[in-house]
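What follows is a set of structures for review.
In what follows, subunit A forms one complex with subunit B and a second complex with subunit C.
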Partner chain A sequence: MLKLGVFELTDCGGCALNILFLYEKLFDIIKFYEIKEFHMASSFKEHDHLDVAIITGTVSCQRDLELLKRVRNNSNYVIALGTCATHGDVQGSVEGSIREKLEKVYGSRANPMKALDSKPIVEYVAVDYALPGCPYDKDEVYQVLMDIAKGVEPPKKDYPVCIECKLNEYECVLIKRGIPCLGPITLGGCNAICVKSKVGCIGCRGPLPKEANPASEFEILKELGYDEEYIRKKFKTFARGELRW
Partner chain B sequence: MIILRYVKLPSENFEEFFNSLKQWGEINAPVKQGNIYSFKKVDSLKEVSLDYTRTMLPPKKFFVKPRDELLKLKEGKWEESNGTKPVVLFGVHSCDIHGLQILDKVYLDEPVDIYYKKRRENSIIIGISCMPDEYCFCKSLGTDFAMTGFDLFLHELPDGYLVRVGSVKGHEIVWANEGVFEPISEEDLKYFREFEEKRANSFKRSLNKEGLADMLDLAFESPVWKKYEKICLGCGNCNMVCPTCRCYEVCDLWVNAYEGVRVRRYDSCFMESHGLVAGGHNFRPTRLDRFRHRYYCKSYFDPSAGFNCVGCGRCDEFCPAKIEHVKVLDEVREALK
Partner chain C sequence: MVTITIGEFTRVEGNGEADIIIENGEVKEVKLKIVEGPRFFELLTLGRYYYDVPDLEARICAICYLSHSVASVLGIERAFNVEVPREVMLLRELGLLGEFLESHALHLYLLVAPDVFGYPDAIKMASKHGELVKEGLSIKAFGNYIREVIGGREIHGINVKPGGFGRYPTIEELEKIEQNSEALLRFAKRAVNVFADLKFYGAKAEHFVATNSYLYGDKLIACDEEVFDYYEHIEEKTLPYSFAKQSKYKGDIFMVGALPRVMLKSEQLTPLAKKLFEDHREKLSQGYVSLNNLAQAIELVYALEKAKEIARELLDKGLSCENVPVEVQEGEGIGYVEAPRGVLIHHYKIDSKGNISYSNIITPTALNHAIMELSLYEEAKKNYGSLDEKTFVQRLEETVRAFDPCISCSVHLVKL
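Moving on to the complex of A and B:
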């Protein structure tokens, strides 16, 4: 049996909940894993050395950072799960330093909760596997956990949303409807679920690692008549300043 | 060698003929879906868009499926998971018939791809004539007319179709439905020739094939590739919709704790891992390498075997960055002067 822990830093909780949404498939996972901590599933908690740790959320306060370091130091294989953990997501995209934000909201620069600028966990520690998505497709985490249980290094995806969109034969909303779609520069794995509903990709899985060409996407959207400010905001929503050129 | 036979299918018998095809297999034909066309299973003629330009995915999807489950892992053993049922592809354009013949060379030559072979043998291809739109350049590649690779080919006439029979199965279909066909008249042939002439004059794009292989040989360092590297998104849409792209990726997926499936899906040479080999070396580490590679693959690698491009225009129509295949090659040629 492998020892598994699921840890939440600062996030909406959806990524941890999504694991529970595996429903009957959870029984496949507990055939190979002993769950040592999973706050959303049980109050049972046993601090132990872990084989696999799943971490969701951004590092947004001192407590997050300490928890993250403890988990990393006590786990063999760390999975950063969800776009908060891998790219910073919406919280990471808010501009300005934490002191400025505190002053704006509370009228004081005092920081009793020891809040930090929200950053993805990958900025603090090395992770063994990064699975983005806001939220990720629950089957992806299932495949990753099953692969690890069977001793297989889970493959890393390297293709944009467009690939799965085409495999499913969805009508291209960018070309055929002029809807702003970040599919060409966003990492796939979601099975193009937004385009299925004729909604443009909002880039929730973060940019295609190393390969994204935001400059060209920017020009395409501009030509469709969207203004620069709008496009820049769209690029930034999930990926902070990563889509830079 | 197939002895050619020409018959006429009058309009009033068209539906009867269409329905008779159901006994040969599941009919799949171009259907309009939003702003694209797709080959889909159809039950009646009224669902079919015979005047379609091009489907987004080419008919290759029936032989190499976008996602194709090959094997099942059950109780520690791998089992074949493919059943094949007969299909009738109704309304295939000439370029796509040529595309399938290019794929045949890849998948049916040794080592034979058993999945492709089984499906290909279980299919009937019925071609249909078309008029080019602004993206088509098949004429310049000689793929605008199919001499082989189909069972029946329907050419539009004012009062029906002139039908060319292209295979033994095609003859069998005509024999089984003799009642719906008529002999062709001189007038039908005249119209057929006129139609082909009008079509030949309707092309707006053409690819200059002359010395293309030599030209590309000299143009490896062309600044044109560098220009397009900045425009290209590297999204792989051109590969996904190409009737001659044949690369696939194989992945194993878990179904439950002890059972899995082995699935292959279309792959794209625009993905970073496409040129990655054991040991970490990557033959095409940058987008520039990959962009250029696609043009070499489509027009150059084995000129004796013909081009790996049939001029269907899909890559142009579905490129978000509006990169045009012919224009890129023309610019590369121009830059050499």
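Moving on to the complex of A and C:
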């Protein structure tokens, strides 16, 4: 049996919740893994050395950072799960220093709870596998855990949302309907589920590594009549300043 | 002075802790601390084009993302004076009912039931009470199915838009919703029995607040029959030891959630839910916060009956699948929604270009912060010294759990 822990830093809870949404497949997982800590699901807790640790969320306060370091030091294989952990997600894109933000919201620059600027965990520690998505597709995490249990290094995806959109034969909302869609520059794996709803991809899985061509996407959106400021904000929603052109 | 710290509540959504301060052998004070970092959602949406805002707000919370998207859409539509047809509102209601089913089932079967039967979690409970866990999971999965159909994805779908939807459900999907609602009803009835015998614990809620319609509203209502906008009677203050704020209604501690809803709006319940409410009315009117669990079980019945009713109405009338055009203009609007754990408020000002110029979001867990703390205090006072420390801490955890708190929501942060 492999020892597994699920740890949440600051996030919406969705990445941990999505594991519970595996339903009966959860029972397959516990054939290979002994769950040592998963505070959303269980009161059982055993601080122990872990074979696999899943970490969700951004580092947004001192508590997050301490927990992250403890877990990294005590775990063989660390999975950064979800776009918060891999790219910083929406909270990572809020501009300004932590003190400015606290002042705007609490009316004081004081920081008794030691809040930090939200950053993905990959900025602080090395991870063994990064699975983005806000949220990721739940079958992906199942596959990754099963691969690790079998001693296989889980493969990494490297194609854009457009590939899955075409395979599903959805109508291209960007070209055919002029709706802003970040599918061409966003990492696939979601099965183009938002395009199924006939709305454009908002880039929740973060930029396609290496081959993305944001400059060309930028030009297409400009030609469709969207102003530069609008496009810039859309590009940085989930992945801070990672998309450059 | 001694402080007992309850580190990280388990089986709740997000990260919270409590300090129980003991002086001269008596409980003096309890501090409920929300220890997740702030995410500054109000700053995130400032300057963003209105159309993209509901998709961003959904990310405040995964368990109730549709409540956030719908509240956001309602606030935006009110700012633009957009009226949507009954069909669109019914579909939104259907989505919110799916969220009740998903969220209440998660809370009752996976998070609270282990307390009732004495297990650390539902997986370990399944060996003896497998049927019950399976029934809960099937309700939860059905709630998620509705969220996927209406919201576009189980978590953080972006199908709910100002003026209507990206995609409308098919006849087959509505038929499936109607059939499953009927089929699952007997499980929900059983849940009411399971959670009817819960002990009374926590504080006694003296004031309840809810929206004027069952699932959403254009005003808030309270048990003193006041009908109001939130800024008229709800005041917030910041705390030095927590990332969430505390609210008072006319200066008093109050509660939002399933218990306030059934107490204030029982006449809006569906037939069977209403009957079950009447059966337990006397008990529920005691107001102890632990009764929120029973109220949630009654709402499972309500949500299934109501979902069936809505699906049937839409099937009978047929769907026109037409969105209302949204014309951008300068304006201000508030959306009130009943998220599974209580009143949720999204308040926006929008400029003439359609960009957000002001945003204020108040979540149910922030509204309940004060009564959660009071409940912990009363429960701690009652039991300190008579229970061993492990049972004592357990009891306090159960008390917090009754609120079904959503800590991620509470630290999205509220603008002054």
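As a convention for this text, the second predicted complex is superposed on the first by the 245 of 245 C-alpha atoms of A that agree within 3 Å, B and C clash if a C-alpha of one lies under 4 Å from a C-alpha of the other, contacts with A are read in each partner's own complex, and residues count from 1 in each chain.
In this section, contacts are C-beta pairs under 8 Å (C-beta built on N, C-alpha and C of every residue); 3 or more make two chains touch, one makes a residue touch a chain.
Not measured: the values here are computed from a predicted model.
Trainee: May I ask you to decide whether A:13 touches subunit B, subunit C, both, or neither, giving the answer as first, second, both or neither?
Mentor: Touch partner of A:13: subunit C, not subunit B.
Trainee: Taking the superposition as given, does A:162 touch the first partner, subunit B, the second, subunit C, both, or neither?
Mentor: After superposing on A, A:162 lies in contact with subunit B but is clear of subunit C.
Trainee: Considering only touches as defined above, state whether A:143 meets subunit B (first), subunit C (second), both or neither.
Mentor: After superposition on chain A, A:143 lies in contact with subunit B alone.
Trainee: Looking at A:26 after the superposition, I want to know if it touches subunit B, subunit C, both of them or none. Which is it: first, second, both, neither?
Mentor: second
Trainee: Figure out whether A:174 sits in contact with subunit B (first) or subunit C (second), or with both, or with neither.
Mentor: first
Trainee: Quick check for you: in the superposed arrangement, does A:126 touch first (subunit B), second (subunit C), both or neither?
Mentor: So A:126 meets neither subunit B nor subunit C here.
Trainee: More subunit A residues touched by subunit B or by subunit C?
Mentor: Counted on subunit A, the partner with more touching residues turns out to be C.
Trainee: Which parts of subunit A are touched by subunit B and by subunit C alike?
Mentor: 198
Trainee: For the complex, give me every residue of subunit A touching subunit B.
Mentor: 25, 27-28, 31-32, 142-143, 146-147, 152, 155, 158-160, 162-163, 166-169, 171-172, 174-177, 183-185, 198, 208, 210-211, 213, 215-217, 220
Trainee: What part of subunit A is in contact with subunit C in the complex they form?
Mentor: The contact residues of subunit A facing subunit C are 8-15, 17-18, 20-21, 23-24, 26, 30, 35, 39-45, 58-61, 63-64, 89-91, 93-96, 101-102, 104-108, 112-113, 115-116, 118, 134-135, 138, 193-194, 196-199, 202, 204, 230, 233-234, 237.
Trainee: Touching subunit A in the complex: which residues of subunit C?
Mentor: Residue list for subunit C touching subunit A: 8-15, 35-44, 47-49, 52, 55-56, 59-63, 65, 106, 110, 114, 120-124, 137, 141, 144, 152-159, 161, 165-167, 238, 240-243, 397, 406, 408, 411, 413-416.
Trainee: Within their complex, state which residues of subunit B touch subunit A.
Mentor: So the residues of subunit B in touch with subunit A come to 33-36, 38, 56-57, 66-67, 230-237, 240-241, 251-254, 256-257, 265-266, 268, 271-273, 287, 317-321.
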